[in-house]
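Labels for the chains are A, B, C, D, E and F, by order of writing; each one numbers its residues from 1.
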Amino acid sequence: MSHRVAVYRKEHFNAAHRLHNPEWTDKVNQKVFGKCNNPNYHGHNYELVVKVIGDPDPHTGYVMDTKLLSDLIRENVIDKFDHKNLNLDTEEFSLLNPTAENIAIVIYNILRAHIDTRLDLQVRLYETERNFVDYPV
Amino acid sequence: MSHRVAVYRKEHFNAAHRLHNPEWTDKVNQKVFGKCNNPNYHGHNYELVVKVIGDPDPHTGYVMDTKLLSDLIRENVIDKFDHKNLNLDTEEFSLLNPTAENIAIVIYNILRAHIDTRLDLQVRLYETERNFVDYPV
Amino acid sequence: MSHRVAVYRKEHFNAAHRLHNPEWTDKVNQKVFGKCNNPNYHGHNYELVVKVIGDPDPHTGYVMDTKLLSDLIRENVIDKFDHKNLNLDTEEFSLLNPTAENIAIVIYNILRAHIDTRLDLQVRLYETERNFVDYPV
Amino acid sequence: MSHRVAVYRKEHFNAAHRLHNPEWTDKVNQKVFGKCNNPNYHGHNYELVVKVIGDPDPHTGYVMDTKLLSDLIRENVIDKFDHKNLNLDTEEFSLLNPTAENIAIVIYNILRAHIDTRLDLQVRLYETERNFVDYPV
Amino acid sequence: MSHRVAVYRKEHFNAAHRLHNPEWTDKVNQKVFGKCNNPNYHGHNYELVVKVIGDPDPHTGYVMDTKLLSDLIRENVIDKFDHKNLNLDTEEFSLLNPTAENIAIVIYNILRAHIDTRLDLQVRLYETERNFVDYPV
Amino acid sequence: MSHRVAVYRKEHFNAAHRLHNPEWTDKVNQKVFGKCNNPNYHGHNYELVVKVIGDPDPHTGYVMDTKLLSDLIRENVIDKFDHKNLNLDTEEFSLLNPTAENIAIVIYNILRAHIDTRLDLQVRLYETERNFVDYPV
């Protein structure tokens, strides 16, 4: 039996965004994205849950110190996206549509580069309490 | 690496139900189901979380538009079960015992028929904050 | 300055109910109460928050022991209403319409008789996360 | 003893905003409002709880039908602010700084005009789970 | 009509404590405080909600900047109690029984000294999700 | 297609603990575990979610009666850890560091011995709302 444990850390950020595909007309964008296409943006309190999987270290009992995980998320993700306009203020979404799916993939890729490769990683992002995504699955 | 993302949408409905096996005596039903066997029914605020897994569409960034997913859940599940007596008012549970397990299986089967077969599907149903189920696993 | 403190204890019960005024026709009942008038009942996970206000006892530091408050609520309210049909299984609502307002008034009156008159009392009842009431105000 | 009951209804909307006083320099605005002054806006999932106080109607047992209260909130508040940029897309905040305090006052004034004057009214607005306001007090 | 608004800020701390009256025998302490009297302590995730009431400043739209309120709570309350044994590690509860009631009174008195006297103040403390207190009332 | 369903039951307990490796100096312990190393302990409201996976019984519609599951968790886990100091009052953590990871493994091993081997088992433990673990994965 494996002794692998999943450790989760929850953080949050507040951001504005707009769903829009620049290759489409305004009419098509409005039809596909509805009120999420509002030209002047709207916003969310994003809740981010980061899951790290591995064997607990026998000396500490930690898979990963959640204080370190929290610092890492804040420095690499929260400081970049919190109180920002995702479309206008970030390089990541200057061309990529900031759907919850794409934001989760971007955050995963950012964090993956900072976490020990022996540890598995998954990201959950709540756009609202009723809409959320996991990546990868 | 897969780019599959899971998208979740949460909805709710309020219903009355009673746990009962008509092949058993009242005494056995009372012993097995306890206060959940109350002849005049009791009820719950059911919270339903529907999970859909697939690759985000490159043009929209959506696995599935959660607005469409929400509409689909409301039309096919919520309108059928909300403010109903599951045992008396629904065909699905006229013979099938409405445990959380069975309700989740029924809801999965209803939704499966309406969702693109390239997408995987899972249903979570909260009967209370402290009792809930997933199907399938 | 007063040293009065409010102490809260949260409990829950699950019940079926139906909103209906027997002095009205079915048509009027349906018009006024909509799907809450469903003849076969529907149900809720009721969350009950009981607030007791008074001065902390100098020897215990308690306004009232929440363990005793919890026991009192369970014996007098939860055991009476949990897993019941409020309209059919309880004397209190055999004639009185079980709206959240009326259930809160009934619970207040039950508890008021069991709590020291030097302590003020208020009841909050959540019918759903989005609909709730306070009594008295 | 009064029979007045408070009835609450919770709704939500998602919006972008920016805190800014046009009479101040950018430097002062940045000092006072910090990251909430971001020129390209940020956003929130606002949770709105509307409280209505009065005597339950003896025929219905309702202070006010929460279905009607919900419709009234949606038509007059949610449709106006949901998926909008409060500063750019609404008349109410074209000149008024959209702090949680001011948004609550604006929503109260909108709703007050639509609710029976025999009923008292209060608004609670959650900007985040950790920052919220009540008006009036 | 008053324009007074209540502003709330939620923070949390984790602490160990034990309920005990040193003037009583162990037997009486055990009888009164039950398992909360455990000699080796137990603990809680305390959630603290601080409410400040006043008129919004016409230039900022703030009753009080919640960022400043948060800093003030962290410096004066959280840094003092977080990850501490309330009975052993704090002066405030070396003699005073750390019931939720007494902790709330202590926190109120600490914060009252740091907040503008034109602003009213109230403290809510959650010991668990089901047990909480307000002071003053 | 499998008909396996996952059933979850949530319980909670309040406990004190301290993170500490007796093979290390105080200085190293302080460096590694920070404020979680406080010699006089701190504490948490632990939320425990137990997941049991299997096929629903065709006669009951239950994978496992959550009332029985709840009793089993209370008798074997909650009664052992609730209102205790994990380091001082329990055999399990007299030598083992009570990180969330290790507590989850210990609880899993306790429960595994009491649950039908045809059923799969997983434990989730919330140390706080923002830090939690799953075992096994």
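The criterion applied here is as follows: contacts are C-beta pairs under 8 Å (C-beta built on N, C-alpha and C of every residue); 3 or more make two chains touch, one makes a residue touch a chain.
The shown structure was predicted, so the numbers you read here are calculated from the model rather than taken from an experiment.
Chains touching both chain E and chain F: none. Ranked by separation of Cα centres from chain C, the top chain is A.
By the residue-number overlap criterion, the interface of chain A with chain D counts as same, with over half of its numbers used by both chains. With every chain reduced to the mean of its CA atoms, the largest distance from chain D is reached by F. Centre-to-centre spacing of chain C and chain E amounts to 28 Å, using the average Cα coordinate of each chain.
Work out the mean CA point of chain A and of chain C, and you get 41 Å between them. In chain E, the positions touching at least two other chains are 129. Taken pairwise by the contact criterion, the protein chains fit none of the simple patterns, being neither a path, a ring, a star nor fully connected. Chains touching one another, given as pairs, are A-B, A-D, A-F, B-C, B-F, C-D, C-E, D-E, E-F.
Note for the complex: chain D touches chain E at residues 19, 21, 23, 32-34, 96-102, 104-105, 129-137.
Residue ranges of chain F in contact with chain E, taken from their complex: 12, 14-17, 35-36, 38, 40-45, 82-85, 88-89, 128-129.
Considering their complex, residues 1-11, 53, 56, 59-63, 65-67 of chain D touch chain C.
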